[in-house]
């Protein structure tokens, strides 16, 4: 499986793009973001540092992320909208289904009453009584919606009030449609929780004075079609002036038994009331089924307050908002219960809803009292049924904690706690179960760094020296011993060593001895000033021997300082400087190493003689010499084995038959010996020991100098060996520095 | 276009020239040999030109360091570099100034290089003294033993067993040391071979993106 | 046979190299054994960024066009594997080269790294420093850098001989942690006694694979291991007289 590095989705092996987010999938491997190591595509963790390579949670693209529910603002209605396919919609769908099963009500016939057992109690209050209507028992106090609890019946005629702003009109109410005919009484509302929008409505304490006519811009359509009920309306306590929504203050709810009202003639039925009917099956967004129990006011009689409201310009409301979850019809048995968030519409069962156009008795009485006593202001009187709707503290209900910060401080119940905010039980921690020791060490280091006091230190110009223990003492000790070992043989003749032994010198000596007079010899001078102290003791006897054989030396070098070093030695070894032009031609430096060697082997003419500045073709020592094909022998003086190798390879390729001899440093002896054993070179002199042996064989008079050098070399080597043993013993006993 | 210039063209050129030179070594055709030799000469010229780049880089780096505190050595280096350049260039152009170049080389540059090389011996001796300070494995003992054999067996000691040490050293150099050296060289040779193939096939492109 | 065998080996190596690179691109990434000399480098780079002091890379005296060319190329590839992280941290290392032919290649590595980052103007021409052609001069110059400059760590990778002892000695004297990778005997003998994480011989060629972990490096390393075993088998067969 290949895991998408963006969203973590597992994809089939071989996929190039993620099936989920469409992002490109790694084909060669996953690079660890921490250590940079490449891992196979199926890895979840890095093989080297165990860093997680794939995100733990699937991160969907932005366009597929579901939008979080946005709280409705401005109105105290249930603020949690229904999620698609959520619990809340099920009851509504069921209600619609049920309503569809009931079929459309015949025009003018009203809604057939539902079976007694299937009507929710709260809806039973809303039925328009065909005959005497028994007073409805007030609903339990716990189920009284707050908005209704705050209602106050006006003492007298109530002046039309400003229509409620859009923020205060509940959406569910905006979409209410009254049934065409009398509706069956409904059961009192269930003990659902009171919605906030309803809770904010306060029950008026006294009669309510007639209110100012509503502004023209805020009159809802349905309100303009309301008709004052024909029957007397019992006076009720008017609601408090400050808390009653205007639209609700105009509602006339009878406080006691209400005389049956004659249904209005069909011609006088308001449109909104006529439209109150069972929603059709084909309309999934049908509005709430008609209210049961709403009485139709007698036709023709429109109260003054309503008349003025009707005169107000209609307010075109926007598209109706989504209905809050309100159970307006009885849920048949067997169907899922209404969720708790669904606030019921609570009305006193004993108080029928006045018919359109009919002023409820309580409203009429309140207005009369207000006009008579308070110059138009009628103190509100809370009817009993409304008083019964006052919310009581629920016992045993766990109060949600109030918000403690922000502009929502003090409010409760804003966010559902425990829904979706908890970690799913199946969530796995993203951290590896067992952190690696390296991770633990890093964490400890970080903790230690954080716990240190913050003290700024001045920037140092250079790194602080953290010399190892005994560093200076060791260097001093070694320096003294080495210096003593080197200088002592020069002061005291120490018979510590015998004559030098170099088996390879014999063969070299024999080869050089076979050279004929005036034969050109190509000398590759491959060492510089750093190796000159040793290599001059190696090359010196060999050059002496060649000069003794009357050979013409053609010197070349692939090192920039090679020709200069050669000049120094040649000048010291040539007995007669005047012989120089005839015996030696120094052709200088050839760049390119192997390429330069190959180039010069093919053509020696285009070079310049260093000491005279003449072209090589004009040098006396270069007579008859144009390329490596014209030389009798090649001598390689190399401090490094690579230089010897290059020359051997190039010369063997260009002229396999020309003999090659070498003078190498002691360091290069090991790697140069195979060339001797395989016959690629005819002879070799290596190191100071070989040079001393060659010098002894040649007897050129440099013997005393070699004796000094050999004694110093031998004693220094013994000193270094002793130092190595002493140091090993010291640190073996003393312990290792970690 | 940018990709063509920075990636495709350099890769094609490098691969092409590499293959041409390789074929010139493999197939002794006159045309290929002449192309190979010409390309090699071009490489030598480019390598020589690189010295100029290196010189200016040296001046740039040390001119910046000379302005900081403790930049005396950098200032001396710049001065010495300029003197060397002047002297050697003058020696080439004016034959009378050759002695100055020789003197500068023999009495300044060579002794300095020899001094630094001598320090290497001192440093190696210090390292031998502190050998067991950092490592405590079997290889360290073998290393120490080999060092003792080579150091003590180079010259014939005038002590009983001195010849035996010399023979031991000779055996050590010809057998174990040689074997280890060849094994190391084989491994290095394989690495060099594969890197070379990677460069020839364009898999590695140190010269471009 | 002596003439054919090297060419046969080269052909086999080429085919194996291409095949493993192809497989590595398809996701079959071979694993490599740990090499402390290289495995610590990314962490050292991070530590150098935290301390504000750069790492010092010593690439040796190998020249491009010499027999040390490919060793220097490998050393450069190791540095290149760290270049992107180094410029991202804002603490690019100091690279000391001993041959001017390596200078433009090394400069280009960091110039490209800054270009990829989108800030080519931040490239410092003194990131790569040419010290000197002679090996001892080069070693002395690098030792001077270690002794007198702010250096957090030292990485020696490239072609050097016994003069590497000067460099490692200077770093050890200042307590600077160091890693070393050498393919030459004198350098190994000089570095072994020093407190440094050492990669010897062919392990130097594993540097880019361990640092950059690109498929072509890992595949090449696998081929190298396979060829080594093949050569061992051939040697044994020859020694035993079976071939």
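Observations on the structure shown:
Order of writing sets the labels: A, B and C. Residues in every chain begin at 1.
FYI, contacts are C-beta pairs under 8 Å (C-beta built on N, C-alpha and C of every residue); 3 or more make two chains touch, one makes a residue touch a chain.
This structure is a prediction, so every number in the text was calculated from the model and none was measured.
Distance from subunit A peaks, on a Cα-centroid basis, for B.
More contacting C-beta pairs link the chains of B-C than the other of the two pairs A-C and B-C. We define each chain's centre as the mean of its Cα atoms; on that basis subunit A and subunit B are separated by 47 Å.
Note on chain placement: the centre of subunit A and the centre of subunit C lie 34 Å apart, centres being C-alpha means. Note: centroid distance subunit B to subunit C, computed from Cα atoms, is 15 Å. The set of subunit A residues touching two or more other chains comprises 461-462, 468, 528-530, 561, 592, 595, 670-671, 737.
For subunit C, the set of residues that touch two or more other chains comprises 63, 65, 133-134, 136-137, 148, 162, 185, 195. Within subunit B, residues 43-44, 47, 70, 113, 116-117, 124, 126, 128, 130-131, 133-135, 181 each touch two or more of the remaining chains. Only residues 461-462, 468, 474-475, 477-479, 481-482, 495-501, 528-533, 561, 564-565, 567-568, 591-592, 595-596, 598-599, 602, 613, 666, 669-671, 673-674, 687, 689, 710, 713-714, 716-721, 723-728, 731-732, 736-737 of subunit A touch subunit B when the two sit together in their complex. If you check the complex, the residues on subunit B that touch subunit A are 37, 40-41, 43-44, 47-48, 69-70, 95, 102, 105-106, 109-111, 113-114, 116-118, 121-122, 124-126, 128-136, 144, 147-148, 151-152, 154-158, 162, 166, 173-174, 177-178, 181. Of all residues in subunit C, those touching subunit B in their complex are 9-10, 13-14, 17-18, 21, 63-65, 70-71, 73-74, 76-77, 80, 99-101, 103-105, 108-109, 112, 125-126, 128-131, 133-134, 136-137, 139-140, 144, 148, 162-163, 165-166, 168-169, 183, 185, 188, 190, 192-195, 200-202, 204-205, 216, 220, 223-224, 227-228, 231.
Here subunit B touches subunit C in the complex through residues 43-44, 46-47, 50-55, 57-58, 60-61, 64, 70, 73, 113, 116-117, 119-120, 123-124, 126-128, 130-131, 133-135, 143, 181, 184, 186-188, 190-199, 201, 203-204, 206-207, 209, going by the rule given at the top. Looking at the complex, you find that subunit C touches subunit A at residues 24-27, 29, 31, 42, 53, 63, 65-68, 81, 85, 133-137, 148-152, 161-162, 172-176, 185-186, 195, 211-215, 218.
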